[in-house]
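In order of appearance the chains are A, B, C and D, and numbering begins at 1 in each one.
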C-alpha cells in the first residue's frame, strides 16, 4: 500500500512513547496506534520532528516504525527520514519501506536559501532514496527557516513524480493553498494531496481553501477528524464551533518547543500514553503550566465531553 | 509625563492611517487616538513595527508622533525609535521627547547573537539617546531573530536604570514572565513593567503569570482592556470567556506579514480608519481573506456585540 | 554624469574620516578624495557599508556625499542609500542625485529569502527612487545573508534597465562571474559592469574571469588600480606578483568587523587620514593588532615601496 | 592513548577518499594516512565537516575511522561525531572509542543562539557520550552560525573537564586566542589545547598569539607543520615567508563549499589520492578553476619545490 496523491483525511503525527527512564514504551505504541485507528484516521506519520526522531538510535527508529506499520495494517504509514546526509536517509528509507511503510517524509535542511538550492535538494533526495518511493514534502519555514514559494513547490511536483503530498505548515499559509490549487486548476501543476500541520492552528479555514485534511499531532486527533468530516459534509458552522472550542488548548500546544510536553501530558491524561516523558534533552512542564493545561481541559469539557477527564 | 516601571493596563500599538493614495490620513489619526482613549487604554505606542514606521520619511514620523502625543494629552505615549544606526535613533528620540513623548521603544537589530552583544547594544543605545529617556525593551525573537534569556534581560534592567518596561513577545513566553517576576521576588532584579505583545495570543494566561497588561495592536483593543480589567478584578472565567470568543479572529490577525491588513480592515469596518490602505510595499488582502474575516466577525458577534458591524 | 553599464577600473569604497571626538574631518575628506584621484581611480563610492553610513545623521550623510562629489568633479560618484524603508531611501537618493551623484548603491535587507522576494525588493526600490536613477546591485551574502543566484541577478538586470552595475562580493564568486558573462554571451542578459568587492580577496582571478575591476576599500587602492591595469595590459604574472605581495595584509584587512580599523589605521599611516578613529560604537585595535599590521607593512615594503612608511 | 589538553602541532583534517563511482578508496586512506605521518603531523582528525561525514552510512564511518586509527597507530586520532541527536552521537562515539580513537570532535547545531543554550548543549553532549571521552570543541561560526564568546568557551571548559581542545575557527579570531590565553594567565580558566582551523588562513599570526598549532585540511599539511615548527624555533620571518608563499593557494582553497574540490584535486595531483571525486551531492570543479589551481601551483613552486608537480 503506497501513499498516493489522492490521500485525504487526517494522518496524525505520532509522538514516540517513552517510560520515565527513557526506554521506549511498546505497550503505549500499540495503544496509541489503536487510538488513532479508532479516531477515524486515514493514515499515520511516525518519526516526525515532534516524534523525537533525532533522540532515537537507528535500530530504535526502525523498530518503532515497524511496530506501528504492523499494528496499523489497514492504514498507510509515512515515516520521517530527514537526515543530515543522503546516506543515512537512504538507509532508513530502505529499511522502513521493506517493512511496509507507505512512503517517507523529507524536511529541507535549514541551510537552503535559493529556489534552485531547494529544488536541487529534493532532486538529490529522490536520487538517493529511489524514484519509486512516494515522499511527502514538508514545508515548515518556522522551524526549518527554508522558504518555498508556490512556484518552487510546483517545480518539485512537476519534476519529481514521487512527490505525492505536501505537509503544509507555512505560516501564514492560507493563500499558499489557494495558489497551489489554482496551479492545479490552470493545468500548470498536477494534483497532490495537501495535509496541514502547524498543530492545525488554521485547519478550520485550510480545509475550506482546498486542503485535503490534517497531518499534525494535536492531542485531540479525534477533533481534527471531526472537523475534516464536518467540513466535507457541508456543516460549516458546526465544524467551526467544534474547532473554536478547542482553539485555546490547541494554541497552547502549538508553542514551539514547549508544545510536545503539553501533547504528551494530555495524551497521558487521556489514557493513551503511560507516561508523558520525553527522552533527554527535554524541558519538563512547570507546575504552573500543568495547572494551565488542566484549566484549559476543564473549560474545553463544557463543549466537548472527550475533554472531561478524571481528576489528576 | 515620563514612562515609569509602574505602568499597567493596555498600551495599544497604533497603526499609521493612510489614504488609498498613501498620504497620511490625519483625521483618522485623531479618530483612532480618541478611540483608544475611550477604550480605557492607559498609554499608547506609535511608530512600532506594525506602524509602518520604515515607510515614513523622517518628518512624517515626527509629525505623526506629535499629533498623537497632543491628542492623547492625558496618556503616556511611547514612540518606536529603532533604527539601523544610533545617529538616526538619537535624532528621532530627541525630537519626539521634545514634543512630549513619555519614552521610546527600542528593538534589537537582527544581527545580535551572543548575550554580551545584546547587552552592549542597549548600553550603546542608552549612551546615544541619553540616560534620562525612559525606554521599552522589545523582546520579539520571532521577528527579530534575537533571543534574550531572562538573565540577559536582568543584566539590561540592572545596568540601565532607564529601562522601565519590557514589551514581552517571546514565544513561548509564559515561563519567561514567571522567571522575571521570580527575579524581582528574590531581589536580583528591580521591578519593571511587563506588557505583552504578539497580538495578545497568550494574554489570558500572561496576566495570570504576572504581566501588567498588553502592548499590542489587536483590532479590538477594547477587549484587551476588558480582559486585563476582569483579571485584575478576580473574574478569571469571565476574562477567559471573553478572550476565547475573540481568539479565532485574534489568531487570524496574528499571522506575520498578513496580519496588518486584517487589523486595518477591521478598524476600517469599525469606523475608526477611513481606509485600510497600507503604504507600499504592501500585500493586499484577497477577496477570500476578506470573506474569512467577515465570517470571523459574524461568529464573534454572537458573543461580543462590538463585533456586530453593518454589512459591507 | 550618470553611471553606465560601461564602467571599468576601480571605484574605491571611501571610509568616512572622523576626528578622535567623532566629528567629521572635512580636511581628510578632501585629502582622501584627492588621493583616490591621484591613484587612477575611475570612480568613487561613498556611504557604503564600511563608510559607517548608519552612524551618520541624515544631514551629515548628504554633506559628506556632496563634498566628495564636488571635489571629485571629474569622476562618477556612487552613493550608498540602503535603508530599512523606501521612504528614507528615496529621500536620500533625491538629495544626492540633486548634488550630482552618478548613481546609488542598494544592498538587500537581510530578511529576503526567496528568488521572488529579492526581485520584488529591487522592483519596489526602483519604483521608490525613480527609474531614471542608475543603481548598483550589491551582492554580498556574507554580510547580508541574502543569496542571489546568477538567474536572479539576470531577472533584475533584464527587468530593471536602471541596474547598470553589480558590486560582486559573493564568496565563492569566481564561477558566478563566468556564468553572468556567459549570460551576456548567449544573449539572455544585457551587459552590465561588474566591479568586485570583498576587499579584493580574489581580484587577481576575478579580472581574468571577466570582471571590469574593483569596488572595494582596501587601504592600497593604488595597488588595485595597478592590478586592473596590468591585467588589462596582458601582464598577467606582473599583476599576480603585485597582488600576491599585498595578499597577507589584504587578507588581514578583510576580516569582518575588525577590518575597518585596519583600513583606517593604514590610511592614517599613509598620511591620507588625520585620525584612524571610528564613530562609536567601534571596537578599537589592540596593541598586538597594531604591531601585526606594522609587521605586515614592513614585509610588504620589500616588494612595494609604497608600504615603506616612516616609523610610528 | 587519549587526547589531552597538552596537544600541540598539526592535526590534519583528513578528507574521505572516494573512487569516481563513490566507493570508499581504502588504498588512498592508507596512503593518505602514511603521508600525514611523514609530514610530521602530531595527530589526525577524521569525519570532520570536510570529510564528507554526512554522506557516509554509519558502518562506513566506523570503518574509515577504524582504518585510520589502526594505520596511524602512533598518533592520536580524533573523530568527528556531530549529529542531529545525542543517540547517534553516543553510538558513534562508543564505536570509535572502542576502536582506539583518542577523542571526538563536536560541532554545535546551528539552532543554538544564547550563551546558555550553547553551554547546555555541550553539557548534554558530555552526558550522552560519557565524561571519560575527551572532546574537541569546534568553534566555527562562519559555517555553524553559532557564536561563542570567550566567556562561553570558558564556562564550557571550566564545567566540563573532558573538553581538552578548542578547534578555533572563529573569524576574526586573533583577539579570541589572546583573550583565552589571558583567561589561563589570570587563573580563571584551565589550560586547553588550541589548534586552528579555517584552512589556516591566519595560522601565521595565530601561533604568535598563543595557539598550539593547526587542525585543518589545507592540501599542503607539510607546510602547516613547517610553519608551526619554524615559529616554535623562533624563526619568525622564515615562517612568514613560507606561509605567504602558500597564501594565494590557501586562500583559494579556503572558499566555502568550493574548497573541498580544490583540496582533493591537489592531493590527487600530489599522488596522495587516486581520485579527486566527492560523493554526491558535489559540485565539480570547472575547467577554468582547475586551470587557476594549476597556475597557483606553478607560481607556488617558485618558492616551495613540493608544489612542482609533473604536468597533468
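In the analysis below, contacts are C-beta pairs under 8 Å (C-beta built on N, C-alpha and C of every residue); 3 or more make two chains touch, one makes a residue touch a chain.
All of these numbers come straight from a predicted model, not from anything done at the bench.
Engineer: Compute the centre of every chain as the mean of its C-alpha atoms, then state which one is farthest from the centre of chain D.
Structural biologist: Most distant chain from chain D: B.
Engineer: Which chain pair shares more contacting C-beta pairs: A-D, or A-C?
Structural biologist: A-D
Engineer: With centres defined as the mean C-alpha position, give me the chain C-chain D separation in Å.
Structural biologist: 33
Engineer: Using the average of all C-alpha atoms in each chain as its centre, how far is it in Å between chain A and chain D?
Structural biologist: Result: the chain centres lie 39 Å from each other.
Engineer: What is the distance, in whole Å, between the centres of chain A and chain C, each centre taken as the mean of its C-alpha atoms?
Structural biologist: Centre separation, chain A to chain C: 48 Å.
Engineer: Counting only residues that touch at least two other chains, what does the list for chain A look like?
Structural biologist: Not one residue of chain A touches more than one other chain, so the list is empty.
Engineer: Pick one for the touching-chains graph, please: line, ring, star, complete, other.
Structural biologist: Basically all the chains touch each other, so complete.
Engineer: Which chain D residues qualify as touching chain A in the complex?
Structural biologist: Interface residues on chain D, with respect to chain A: 53-58, 60, 83-88, 91, 110-111, 120, 124, 127, 279-281.
Engineer: Note which residues of chain B are touching chain A in the complex, please.
Structural biologist: 171-172, 174-175, 178, 201-202, 204-205, 208-209, 237, 240, 243-244, 247-248, 251-252, 255-259, 286, 288-289, 292, 299
Engineer: If you look only at chain C, which of its residues touch chain A in the complex?
Structural biologist: Touch residues, chain C against chain A: 113-117, 147-149, 151-152.
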